[in-house]
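First chain A sits with chain B, and in the next complex the same chain sits with chain C.
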Partner chain A sequence: MLSYIARRLMFLPIVLLGVTLLVFFAMSFLSPYQLVSAYIKSPEELKNQNLDDLVHKYGLDQPMPVQYVNWMKNVLRGDLGYSVSANMYVTEALLTRLPATLELALFAIIPVILGGVWLGTVAAKNYNKPLDHITRVFAIVGWSLPDFVFGLIMLMVFYGVLGWFPPGRLSVWADNVILSGDFVQYTGMHVIDSILNRRWDILWDAVRHLIAPTLTLAYLWWAYLLRITRSSMLDVLNKDYVRTARAKGLPERLVMTRHVRRNAMIPVATVAGSMVLGLLGGVVIVETVFDFKGVGLLTATGAQQLDYTLILGTTLFFGALLVITNLVVDVLYAVLDPRVRLE
Partner chain B sequence: MVMKKLLKNPISMVGLVILLMFVLVAIFAPWIAPTPERYKDDPYRIPRYGWKTNPTPPSKEHPMGLTQGQYDIFYGLVWGTRTAFKVGLIVTSISCLTGIVIGSVSAYIGGRFDEILMRFVDIFMSFPFLVAAIVLTTILGRGLDKIMLAMILFRWTGYARLIRGNVLQVKEDEYIMAARAGGVSHAWILVRHVLPNTIFPVLIQASMNMGSIVVSAATLSFLGLGAPEGYADWGQMISFSRNWLLGSPGNPLEYWYTVVYPGLAIVLFVLSWNLIGDAFRDIMDPKIQA
Partner chain C sequence: MSEILLDVRGLEKHFPITKGLFRRTVGLVKAVDGVDFQVRKGETLGLVGESGCGKTTVGLSLLHLIQPSAGDIRIHVNDTWQTVNNETIKDLRREMQIIFQDPYSSLDPRMRVRDIVAEPLRAHGMRNRRERYERVEQLLEAVGLGSHHMTRFPHEFSGGQRQRIGIARALALNPSLVVCDEPVSALDVSIQAQVLNLLEDLQAEFGLTYLFVAHDLSVVQHISDRVAVMYLGRIVEMADVDDLFAEPLHPYTEALLSAIPDPDPDTVQQQIVLEGDVPSPADPPSGCHFHPRCPYAAEICRREDPQLKVIGEGGHYAACHRAEELNLVGVSVMDSD
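Entry: the complex of A and B
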């Protein structure tokens, strides 16, 4: 197991290098004048200097390989340039916005996996019975509802009409408490911080703001996971070892949990990789709909204002994040299925 | 045979009926929602009836109301159906064709060439489409054509991989060997013997992806990266509704029509494809039938 992880880790730098090359390739479509903001050290530079001087100063008139090395030096130092739309350094913007997105993703991913797998198991156990058909309709409808439409309708009903789940991350009063000196921001994730600060009113406010965006992120993946779990459970149910387990008199519950579900989880783990991909895309939309100030909303506003620096910076960041999550998924896969390790 | 089963299955029947409705709307758009005289040169521009920002509720002349900026919702939806089919068909056909050519050639040649090409495909597939599309539209500029380009760039890989797997299975079959032994050229074998035996599942997959392509395009339009303002496009119609979701104090649902009608159009369109696709999968998969 350890050697498998070590082998995968060895590839990590190579893949990450590939990601930087890809982003640099995208950058090469832009003119040097558009790229300057990715290099400057402070926003004042843009005001006081001639653009041509800046282009020369940061080597943007030099050959591509030299530019790549220069750019990589900046990237390795954690310097991704200055974002005009966010009005701060890209790295700074990403770091301040990241906790919000992490909070959202964490709150979505746990109910997604538990709910999806559970629904799929129920459907497979009741194969071709009414419950199976109900989950099927749920899945098809879920598949067909684009997340931004679903989100807007959630907002209209649960905020506009009922007033339960407001948009944003916190109410104004709670925001003021957080920014006041008494409240220590340990992680930037309001739910965890409020628990650590023992401010239950803020905890409730943060959770209230999380429910609608989380549900919007989750329902689509429920539909997806449910169908995959179902078909993979049906596959496994017909296997000889399941028949053996039943024949030797194991109680049905044990057959299900030990023999069927464990093996049925393998294809589900493969999907987890694409699920992370989908969640990253979903976060952009959900954060835009619910005005939830995370990395996704940052990206969306950046794109609308054609903020190249910010978009390239976030892409690099998303790319690195993806490579690492893919690694985690692969390792998880190896834990679930010993056959993978031995190959 | 497959068609007969599709027609017998109640789920896919519902899907087919809804889809047929959309096809008819797209074909007869000029009769269903005639273009006013002053817009005749560009029927895809949604007519405006005034310059007020607040939406106007449905009335006799405008059965679905006017959305933000007094754009006619009904007109936008009817002509938007054409846009949806246009985007879906163009993206599907080009990406599918690219995928089939690259995937089948790669698998047929095999070896190092195949290996390198597939790693390339891996890179494309491991990137979240939406983020990639955002990057592309930021660099290339916004517009429906740029969105389509982004989708083609990130869609062909799926088809390439699918057909590659099929070709790898077929390529060692006896009839291919026989053709080789008979001195038939590689290109001819690929076109006449390999493709007819491998292309069918890919074409089905591609046609089933129409729904999701239209959703992706609508999503990008919703984020403000798509068609210019006023172009008949479902995603944009929904983005118009964003400012009016909450209605006014005392009447939270005042502007319901701005989001419900365009939302319904997208959902029904995608639903029809998914209903057909779901039934199709069951018909094609003998394991589930047993």
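Entry: the complex of A and C
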């Protein structure tokens, strides 16, 4: 298993190389004058400068392959370039925004998986009964409603009307506390930091801001996981070994948990991989809707302003995340199903 | 004659046919339609019939693995008669176990062999893990597997070995009655013989009683002491195996027997080919269920439903109006030992 993981990790650079080639190819449609903007930190630098000189200075008049090699040299040194839209270096921007996205994703993934599997189990146990039909409607609505629409509805109801869950990451007063010297930012994830600092008021404020975006991210995937779990459970329920388990005299609860659900989790783990991909896409949209300052919002603003260094940087970041998630899913698969051998 | 272990009276299993938006019940499939039989302690009762005649349903409803619609099932344990119902079945699973037809799908693919076999022990109160595994080791040895198989998963075994695991699992609780639901029909012929011999050896060793459900008449002839023939949810004939094969009393049995292939190429086979198909159990024919296909059917067969009754001597039961007058052809009894 360990050698399998190591071998899979060796593929990581290859996949990322492919990602950079693709994005760089897309960038080749931009003019050198558009590209040079990435090197200009402030309009001051343009004073008394010929734009063509700048283009020449940064090698942007050279053929695309040469530019690619130059860019890669910088990347390998950990320098992804300067982002105009974020007004800082891309690496720095990614690092400051990452905790927010991690916080959002963690808070979404856990309820998504637990809730989806639970709802699917309920639906399968009540096959063709009212509860099954209710979860079916719930799933159809969740799967049909685009997340930006659902997010706006959430904002409208829970912020506009009720005032419960405001957008952003923190209220202004809490932001001030965090930026003051007394509050130590251990991880950058406000929920964890506030617990470590024993600031329960900040914790409550952070959670309040997380609920609406988390629910928005989660709803679509609840719908998906619930349906997959349900059909997979129904499939396993008709298997002979479930009858065998009953014949052994096991209590129904144990038949369900030990035999039915364990076996039903195998297809669920498979779709969980694509679910994480979808969550990444969802993060971009949800962070934009809720003005939640994470990597997703960073990507969205970068794309709107043609901030190509930032786009390259975030693409690399999401690409790496993707490869690692797929690896985790494959390993999980082997844990769930003894017939799968990782070699 | 030894004492009776299992007494089944009026067993019925009806599946509703539903239709339309609100799933109205528009009819019933009478998969098992009033079955009576007894199984004696230590014997093997073969239950034969073609696909869809309800023989597997009988086996499963005895153990309440499907809920019977009606009927009285009683089992003789510890010198008392106990009725099998939803409350008592939990404890009676110690006494009644089942070996399933398909050894490929009836074992949980995610469990190790030792856990598959040990699970019933744990469910029935054997708390000590080491004790359980010791018992598993004994059981695996009894069915011809070894302790080195304990930590493997089912997919690492062949069909015959998997069926041995299923047998070990069924025997784990030391039951008195084992329902064998076509235990060899999914296996190759060479493996069938091994498993059948194993079942016979285990019967002798542990004093087991078998209800052996099968469609393969030569298998049934080999292993059974008595045989019951089912047609469309009912038992039409029941007798000692030799009597039934040599002198069948029901025309359906005669037709079944004539279909057994004879390995001698010189014998000219007199196969009785039944006309038509098995009628739908949702809409059985009037009178005797077999009359539309019976070459001997008379007027009375269309009107009256024949009861299963003793014909002649030696406990030979048949449900046929003309059982006494017909002179039906059996097969010469092969040397089954």
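Note that in this section the second predicted complex is superposed on the first by the 324 of 343 C-alpha atoms of A that agree within 3 Å, B and C clash if a C-alpha of one lies under 4 Å from a C-alpha of the other, contacts with A are read in each partner's own complex, and residues count from 1 in each chain.
FYI, contacts are C-beta pairs under 8 Å (C-beta built on N, C-alpha and C of every residue); 3 or more make two chains touch, one makes a residue touch a chain.
As the structure is a prediction and not an experimental result, all values here were calculated from the model.
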Room on chain A for both chain B and chain C (clash or fit): fit
First (chain B), second (chain C), both or neither touched by A:259: second
A:155 touches, of chain B and chain C: first, second, both or neither? first
Touching partner for A:144 - first (chain B), second (chain C), both, neither: first
Partner chain(s) touched by A:239 [first = chain B, second = chain C, both, neither]: second
Which of chain B and chain C A:338 touches, first, second, both or neither: second
Contact breadth on chain A, by residue count: chain C or chain B: B
Partner chain(s) touched by A:277 [first = chain B, second = chain C, both, neither]: first
Partner chain in contact with A:58 - chain B first, chain C second, else both or neither: neither
Chain B, chain C and vertex chain A (Cα centres) - angle in steps of 10°: 80
Closest Cα approach, chain C to chain B, once both complexes are overlaid on chain A (Å): 8
Chain C-contacting residues of chain A that also contact chain B: none
Touching residues (chain side chain C, partner chain A) in the complex: 60, 63, 65, 90, 93-94, 97-98, 100, 102, 105-110, 119-120, 123-124, 153, 155, 166, 169-170, 173
Residue ranges of chain A touching chain C (in the complex, touch as defined): 239-241, 243-251, 254, 259, 262-263, 336-339
Chain B-touching residues of chain A, taken from the complex the two chains share: 18, 22, 26, 29-30, 136, 140-141, 143-149, 152-153, 155-156, 159-161, 231, 234-235, 277-278, 280-281, 284-285, 288-289, 299-300, 302-304, 306-308, 311-312, 314-315, 318-319, 322-323, 326
Touch list for chain B against partner chain A, complex: 123, 126-131, 134-140, 211, 215, 218-219, 222-225, 238, 241-242, 245-247, 252-253, 256, 259, 263, 266-267, 270-271, 274-275, 278, 287-288
